[in-house]
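Two complexes follow with chain A in common, the first pairing it with chain B and the second with chain C.
Entry: the complex of A and B
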């Protein structure tokens, strides 16, 4: 059960200078279903694979809007994510009240980073068991950040966290150079393709289990000022066209047959 | 400040934490007094061998001895281990300024290039770089900024580098004192340039005394470049050249060769180039992983940064990197030659 005597709390260093509680928290992130994020010069998108506890239950939400210009994707303990999400919403509102504009995404991410770091240094606290991808737009353009339970936050071009996310990351690394100049639709398709890489065999993206979130900026054609496309989460029928556009032709053919076989009839 | 750990349901109430001068009776052998040194020694031995003790069997957390009989504090030593695995950071104090440099190991191709900064500005004239656990470093920087701002609020003047180092040394030391917290997993290098100018104090009216208490001493020079390095224990020293992180040994050896305090001391621009070279050289041992070089500098108010802590301009950094790579290549050639000579022998 326990690796050794040094992993009971987050205030004990192991002789190698590691903090096991923080490393275990990172494992919790790997238990969550996969989420992918990509940023281009104009957009930041999040795509997520939702899980349901059982056949008849609803699917656990994976994407959350924080403010007009920022959204998050979560992997790990959902309840911990809600704490961070509420905190981020408050900070964004507070910033808007004080300064009358959107909160810079880096500043927002740094705040949850500091909050999470405290949990790794004080007794009686535990690290957050959730990883986040934070996508948003600010005056500097679109951004994508990764947040880890250790409090580490880093800006990425594209990233994936959650179960089997390594496969998605490999896809993203392969296509890294293409992302900067991608348009909105193309970026979503890249995200979905990366997501598909991480699915377990026999699993497909459906309108039930797929979420897409997009934030963007574009130049106004009239006066050249930047127009913000607010962060919006797309679910259900709204993601149908995207899913179909990345459907694998080979698998698509096999699917029809598979569906027939899968229909178990109680005879 | 010290919070006790939760006890098991079986323990008596009011709770009595199992401290070493007062071990619960279950742990005591009949002829062992609570103040028996032998008891402590036994605990130390257990600590080393990781054997299951009574403490474990009773479901209580084995509490680490905070201070060992020989005066060592294990948790601080382990925190130093976290630092020793981090990317190399260095600082150079030369006659007309300070340079900070850090080797950022690139863990993933997906990281946005040069978007994740590791050198932080604490105040206009103060910069900090650190090796070890990055989130701890950010905590350190947040606190340093609070200290600098608080100093400005009370004293109406920028905080001298020495005072910032002292405050932060004290802060880090406090995190070694209590069971309720852990030490910082970083070693921080603080660089600053205290103004040599006679700055008017914010909101000053009239003049202060020109000499004596509260005034300036005649013939005494004020301000200048300063560099401090603060360890997880809270210990700090002033340096001409400081290095920490994975490549500290190689970096220190190179720093010692530089003339930093003497008459022919390095200029700031030379120091930038040396810093880049040293980071490249210190990285050489683990060349399999890619890294990114980040550098900042601080000069006097009549220097290139006008007394402010700033990132080294891209053009100068790239020139320094080009020279660093060149010197690495020529070093390799020298090595090859030496090898060849040996072969001939």
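Entry: the complex of A and C
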């Protein structure tokens, strides 16, 4: 009866000037579990909350290394993220082969941006149903980029995407000024604290459901050339110390008052 | 009258017989450049303590004819690197345009919107000296990156059986701001050395340069003045003995502070006394 006639494909505008397929794709990003990224002057970190389909199953990976110097965090359709991550891996490898250097992160993100935008403009294609946070370091220092299914990409100081990510973003906005001068560990702790803000009640960060990814860069004392700390994903016992370090303070924080509606996003 | 356009402007069949249209059919292999036509001779370069000196004369030969005497064969890339071309001049011009494109793309990608603050050099300067301060933001292609790229480019063209007929030297600084000098030839063969020379220079100038800088350690002890003197000496020897060379040349010094390129240098203090003793060539009858 009230069937939407304008959401059959991504090339039809609604009379209001909207393209529903692209908006639905943006919704798919909000179905994914939350991921947070922060960049300082020396490091770019990603932290992610992993879900398991059922008690007995393993947890779905959220962080992926692309190249020595770049990693991504995904929220949305994992299978679409796989396509993008394979593409990014190939581009980075190709760049390394032809120029002998780390691919500049902005160039890489621009490429997936263009790739994703094309899908929103061709009949028979569909937008990617995944959002990414791309963290990496290059000659110009650490970077964090947001990528959306519409093809929009934006450089960020700190950002969060995925289910209930608004709470994490609020935390990040509150602490925005601190990030630039944060050390490696401090930056991870900020990320985990932001992540905690977005958890549903009674849910805790554990070593099973938490991933941390870090890339860093520093100037060598000898000749001033940049020394890269390669992007690495930390899981399981490796994240234990970080989780414990944010567990003590702010006990019972994250005032539950504002989350009246039961948003059953986390299975 | 024959109304078909393909028949227009052709010799009349009734007078000259049927026109041989097979002439317009392009069957058979495509012939890309298989030999150079207008060529540049040697490029020579040597590393020193804080940079690289590179030079090439301003001649483009047409066979053995000294056809063009004002051709600049050193090219500055992104204000931080100098590329010297030996071999075919048209391929050099193609590469020059290609590198311009690359530099523009690279500058867009690394746009830090800094104030350029380019100091305009006074045009009253008698020599055509242009000192360029690095306008190269951190992260754009350095000499090592550019050399790698050119190597891939030339190797690919070789595999297409359409080589770019050049031997190229790349002089600049690498990622850790150390002097960088490397060569790549028309087959994509690439290597690096404290001193390098292309063409005839490989036989005539390289031994002289090796006397001063056989190893990286030796090169790291050379001063800028020493390196420039060695290069000037080599250019002179090349002019004496290379019949495709010229006494007018370009010389560039690349350091952290940028590229200093002089394109109107003249060989000084030539002495042709040695020529008296040379016999057995040309029209002499001794």
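By our rule, the second predicted complex is superposed on the first by the 244 of 267 C-alpha atoms of A that agree within 3 Å, B and C clash if a C-alpha of one lies under 4 Å from a C-alpha of the other, contacts with A are read in each partner's own complex, and residues count from 1 in each chain.
Quick note on the criterion: a contact is a pair of C-beta atoms (placed from the backbone, for glycine too) under 8 Å apart; a residue touches a chain by one contact, two chains touch by 3 or more.
Not measured: the values here are computed from a predicted model.
Undergrad: Would you mind checking whether chain B and chain C clash or fit side by side on chain A after the superposition?
TA: fit
Undergrad: With the two structures laid over each other on chain A, which partner does A:98 touch: chain B (first), chain C (second), both, or neither?
TA: second
Undergrad: State whether A:121 touches chain B only (first), chain C only (second), both chains, or neither.
TA: It touches chain B, and chain C stays clear.
Undergrad: Have a look at where A:18 lands relative to chain B and chain C in the superposition and call it first, second, both or neither.
TA: In the superposition, A:18 touches chain B alone.
Undergrad: Under the stated touch criterion, which partner chain does A:172 make contact with: chain B (first), chain C (second), both, or neither?
TA: first
Undergrad: Name the contact category of A:107: first (chain B only), second (chain C only), both, or neither.
TA: After superposition on chain A, A:107 lies in contact with chain C alone.
Undergrad: Determine, for the superposed model, which of the two partners chain B and chain C contacts more residues of chain A.
TA: B
Undergrad: Between chain B and chain C, what is the tightest CA to CA spacing in Å in the combined model?
TA: Chain B and chain C, overlaid via chain A, are at closest 6 Å apart by C-alpha.
Undergrad: Quick check: in the complex, which residue numbers of chain A touch chain C?
TA: 97-101, 104, 106-107, 138-140, 220, 223-226
Undergrad: Enumerate the contact residues on chain B facing chain A in the complex.
TA: It comes out as residues 3, 5, 50, 56, 61-62, 64, 74-75, 78-85, 108-112, 115-116, 133-136, 138-139, 142, 175, 179-185.
Undergrad: Write out the stretch or stretches of chain C touching chain A in their complex.
TA: 109-110, 112, 137-141, 144-145, 148-149, 152, 175-178
Undergrad: In the complex of these two chains, what residues of chain A are touching chain B?
TA: Counting only chain A, the residues touching chain B are 4-5, 8-19, 110, 113-114, 116-118, 120-124, 144, 150-152, 154-159, 169, 172-173, 176.
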